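Several structures are given next for inspection.
Two complexes follow with chain A in common, the first pairing it with chain B and the second with chain C.
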Partner chain A sequence: MARYLATRIGLGVLTVFGVVLLTFVLMFVVPGDPARTIAGPRATPQILALVRANLHLNQSVLAQLGHYLAGIVHGDLGVSYVQDQPVAQLIIDRLPATIELGLAGLALELILGGAFGVWDGMRPRRSRILAVVNVGLLSVPAFSLAFVLLLLFGYKLSLFPIDGGTGGTRIVLPALTLGLFGMPYYANVVRDAMQETLAAPYTRTAVAKGLPRRAVLRRHVLRNAFSPALTMAGLDFAILLSGVVFVETVFGWPGIGQLQTQAFYNVDRPVLMGTVVVAAVLVVVATLAIDLIRMAIDPRTRLETR
Partner chain B sequence: MSTVSLPEAPTASGLRVQDLHVRYGERHAVQGVSFSVAPGQTLAIVGESGCGKSSTALAVARLLPPGASIEGRALVGDLDLVDARGRTLREARGRVVAYMPQDAMAALNPVQSARRQIAEVLSFRQGASRSEAAAGAVALLAEVGINEPESVARRYPHELSGGMRQRVMLAIALAARPRVLIADEPTTALDVTVQAGILSLVRRLTRADAMALVWITHDIGVVAEIADAVAVMYGGRIVEQGPVETIFEHPEHPYTRALVHAPRQSRDALPKAPFQAIPGSPPLGEFPVGCPFHPRCARAVCADDAADAGAGPGALRGLPPAERTPMTTGDPLLQLTDVHKQYRSVRALRGVSVEIRPGETLGMVGESGSGKSTVGRIVLGLERPTSGSLRFDGRPYPRTARSLRAIRRRIGIVFQDPYDSLDPRFTLRRIIDEPLRTHGLPSGRDRIAELLTSVGMENADPDSYPTTYSGGQRQRIGIARALALEPDLIVCDEPTSALDVSVQAQILNLLLALQRERNLAYLFISHDLEVVRRMSDRIAVIREGEVVETGPAAEVTSAPQHPYTRALLDAVPATRPSERHVDANGSADPVVAA
Partner chain C sequence: MAPVFGAPDKIYADGISPHGLPLPFGSAGHLFGTDSIGRDMLARLAYGGRTTLEFTFISNVTSIGLGAVVGVTAGFLRGWTEMVLMRITEIFLSVPTVISGLALASVVGEGVFGVIVVVTALYWAWTARVVFGETLALRRRTFVEAAVAQGVPSTTIMRRHIVPHLSSLLLVIAALNGAAVVAIGAGLSYLGAGVQPPTPEWGAMINDGQNALQYAPHEVVEPLICIVLTVLAFVLIGDGIARRGSVSLRRSWLDI
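Entry: the complex of A and B
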């Protein structure tokens, strides 16, 4: 197990390094001069040169990469060109909001999609209701779904505050948007897995034992039927953790996605780089966590350590 | 010997099935089946795929999939299982009737330990406490002959061997002490030595508990070992039933005769002599009117119908006796010297040395995990040995994939499962054409027709798809594909294990005929010692990656030198009840434990 973990962590570090390398190269392809962004349009050549020297921009790409990597090891992601704050601090400030929304969105996806999927999977024929709901949700662009919710529940009915920011019931609408957006995928996956599990020989064995129907479902069907949804949730969680731009923008949710968008418009290279690096780390951690959970649930995926 | 009379089941328990019908929509799979089994007795229902035996089993156990309908009666005492609904049915499950399926790996929940799966029967059905149920599960594992029940109880299905999994299934089936046990081919996927152990175990336990046992099988040898009475099913009906001695010694129905006589005639036949085959293949879906067997029956007035499906060179009944192909003495075509193969920590092959001369068949026999299929893959150049030398036609196997192609062109393969090994989206033409095209060889309409004719499929439309053909016909298509490149050697990896008994003989005859015509060499891989004996010039017995014995087929099987070869021979099921290894009380000759 220790060896497995060490390998996985090593691979994770390599992955993050690869991501850093790639984004670093991309940053230099992006047009625009950071020194000019910082110093303003009327800066003299002397000031520009000074800014460049401060940010090591006058050095070679390789040297700059070296500086950046050395910084990461010390938890230093550089300083924002625009906000004049350490990038690490900016990200840490926003991480709790992102994690909160990510978890809430994921939970709603799983609960809504899981409930619909189980209900539909137990029917002999596919339900029309679910089909309509699925197609409806899939065909509505995510941001218009967000706007509909915002207008209906926030503005018309005034059920939830829509002043932006976190706290209280402010999380309901953005989380619901994510939940409804992801629900059809989970509903389909769980439904198919339910049908497969219900027809599986081991379910027949459970019936042959004379177990009550509810015990058959709870003990034998559900655990197996949720296995594929769990794999999907792992990938989803990683995506949600790296920030969901449209939801954060519509609802004014101060998460990493928002930070990233701003940085993008301002060509704020250190912040952009920082969010990408943090996202990469989170994805690596989330996939490892999901694999460990899978091992706990499905003994077939466990390592041969007996 | 047990005294056997066809039981009338006077006691309250025992099973009486009357005029049972099963329909899947339009398809009438079981058409009025009646039989009865007394407590402590064993009825074997024997038949081929699609004959309705499994539908009968599932109907009596009330485990048919949704959409199937049952009519008739299945009485255990006063309870009619066909009529049981709701709570009555649930109460009857496990306690009145229990079911043991063929594929234990699929029938056990992959994410639960053996203990949990057995214990839940005890806790739900008998109100046992958590600790009582756990202890009960271990006791049941001990009862089904598992040596370290505490340790096995903790394991998950994928951590158990095939034999142990089937024993766990048996423990589940017996946990609520049923009056009737329906066993649906539970030993089919097991090695013969393991099968023998399970057969005697089930027989002993059902006798001791005065349980009525219905054993579904396609294997007449298993019937001879275990049954008190036999029902022979064909085309959705029981064509003949009676006490086991009567069925084996005085069979009435032509199909029963063919089934019962085939293994006996086989035992007496010389290696490479043609097999007794029933032409055609068992009906699927639509059953014929009248006796369902008549299209394949030699005694039927109009037997011509038989000629269409899969008849051909190999299916002919009156093949001339085999001219013993003289032992070829030329240089070996294929030569493996001290071949080792290691997969991580598993030593799959530990120094295998065999050779095959042109026109010769080397039979390679062994149980699952013995390494026999690894040898096949190495010969085909699909895998490289860890060490050892490999020569084809005097030259060593080349290292690069590109130069391996030249060798691959001269070695064909026939796969085990004709359902999986033909792409359902390819036409026959494309299937047979593919190797020709890959190697840049001329093909065309005539070549395809010629190849189809050579495997007895001259009436097949080259533009049809394999899904429209039966298993036997598909295997013929697979053989045509192997012949396309005119190979010198064909690797046959269990070529008949997925086929019905009556169809197996046709395919084996076809292989024998093709060998004579074309001077083909075969590497014939199988777990079935009897088939290997009949097909081979020489036999190599392989066990745990080592060849323990090689020699001429007749010598190896009549005077085995190695104890393992003897054990394999002993575990081959009897051909008649009087020779059974399993005695009346179910104790068997010592066999390798699962």
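Entry: the complex of A and C
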């Protein structure tokens, strides 16, 4: 287990390093002078030189990359060109909102997809409804779905605040968007797993030894059927975050997606880069966490302990 | 087709009601209504479709081409080539597309060309991963082993023996990837990082219309329906081919 963890963490670090390298190269090849952006068009050459020296812009590419990497290790992602604040601070301020929305969305897609998948999995034949709902939801991109819900619940029915609003109900529509958006994939996976588990010998044994139907379902079928759904949640975490960015923008949710969109408008490169790096770290950490949870639930996916 | 519906950029004097509001759906002369500055929605939707198909077609070809080359090469050559290529693929798959897309768009610029570059850079990895898996399986087939034993050069084997067997898979990928590209293109344009106004594009139109949501929902609803129908078309095509060719793709593809 320790060895497995070490390998996974090592690969994760490697991935994040790759992301940093790629974004750094990308940002470095861009024409334009950050020093001028910061100091303004009327800055004297002395001031420009000072700004460059402060940002290490007068050094070689490798030295700059070195500074950036060393900074990341210390939790320093540079300073925003526009907001004059440390990027790390800007992201940390926004991160809780994104994590809250992301977790709510993840929970909802697992619950909705799981419920739908279990319901369909218990039926002998695949239901038409699920197929239609699946294809229907697959065809609605996250930001479009957000607008559909906004129009339906916020505008037509006036159930939820259209502008985001405040208070506990604020998260309902954004989270529901994410939940519905991810649902069809999970419904499919859970459904297939249900059929497989229902036909498995251990289920037949459990029924044969006289366990009540509920107990068989709960202890033997559901537990096994949800394992592939969790695997998928781990693999698709990046996709979930992608959806979060759109949903944040549509609903005015103050997370890192909004930060990234604003940074794009302002051509604020340190923030753009920092967000990419943090997103990569989030994905790596979440994927590992989900895998560990799955191992806890499903003994088959555990590793041999030696 | 598009010019039949009129000019997309023309601001009509009769496009705004006496109260200063956009004309609603079903107005005489402007069947789909007008937007907030009096442009005909139908004409803009038609031209928007043209923009969408343009970037979808090109970036679908480029991203799948790149992904297929990487996937086949990694899967066939194995060894360190596989390790390097698939590591890079993993890296591309581990950053949420929109977040890296915004960073990338700030570098390559906006507009249709920008969308094509961004989408290619972000989507090739999906194809690469699927094609890689399939190539690994094909590699064990006897006809490939026979070719290897005869000393046929690797590039020839890949071209003559592996790629033809991937064609039905690639067709399915093309449809599903196309659906994803329509969605991400509209999404980036919605965020302001894709096709720029005044060029008509559905995502950008939603962005234009979202402030009018309260009193002129048709400005959002119409492009929304266009996006959904187009994505649906691609998904159904992909589904159809997948069923006929018994290709199964269980990975979620559409991620926005």
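The criterion applied here is as follows: the second predicted complex is superposed on the first by the 263 of 306 C-alpha atoms of A that agree within 3 Å, B and C clash if a C-alpha of one lies under 4 Å from a C-alpha of the other, contacts with A are read in each partner's own complex, and residues count from 1 in each chain.
The rule is short, and it goes like this: a residue touches a chain if its C-beta (ideal position, glycine included) is under 8 Å from a C-beta of that chain, and two chains touch if they have at least 3 such contacts.
Only a predicted model underlies this, so the values are computations on that prediction, with no experimental measurement involved.
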{"item": "First (chain B), second (chain C), both or neither touched by A:Leu150", "value": "second"}
{"item": "Partner chain in contact with A:Leu222 - chain B first, chain C second, else both or neither", "value": "neither"}
{"item": "Which of chain B and chain C A:Val135 touches, first, second, both or neither", "value": "second"}
{"item": "First (chain B), second (chain C), both or neither touched by A:Thr261", "value": "second"}
{"item": "Touched partner set for A:Leu57, first chain B, second chain C, both or neither", "value": "neither"}
{"item": "Which of chain B and chain C A:Val82 touches, first, second, both or neither", "value": "neither"}
{"item": "Comparison of chain B and chain C by chain A residues contacted", "value": "C"}
{"item": "Touching partner for A:Asp298 - first (chain B), second (chain C), both, neither", "value": "first"}
{"item": "Residues of chain A touching chain C in the complex", "value": "14-15, 18-19, 22-23, 26-27, 29-30, 135-136, 138-144, 147-148, 150-151, 155, 162, 185, 188-189, 232, 235-236, 238-239, 241-246, 249-250, 256-257, 260-261, 263-265, 267, 269, 272-273, 275-276, 279-280, 283-284, 287"}
{"item": "Contact footprint of chain A on chain C as seen in their complex", "value": "87-88, 90-91, 93-100, 102-107, 179, 183-184, 186-187, 190-193, 203, 206, 210, 213-214, 217, 220-221, 224, 227-229, 231-232, 235-236, 239, 250-252, 254-256"}
{"item": "In the complex, chain A residues that touch chain B", "value": "124, 199-202, 204-212, 215, 219-220, 223-224, 297-300, 306"}
{"item": "Residues of chain B defined as touching chain A within the complex", "value": "61, 63, 65-66, 90-95, 98-99, 101, 103, 106-113, 117, 120-121, 124-125, 156, 158-159, 169, 172-173, 175-176"}
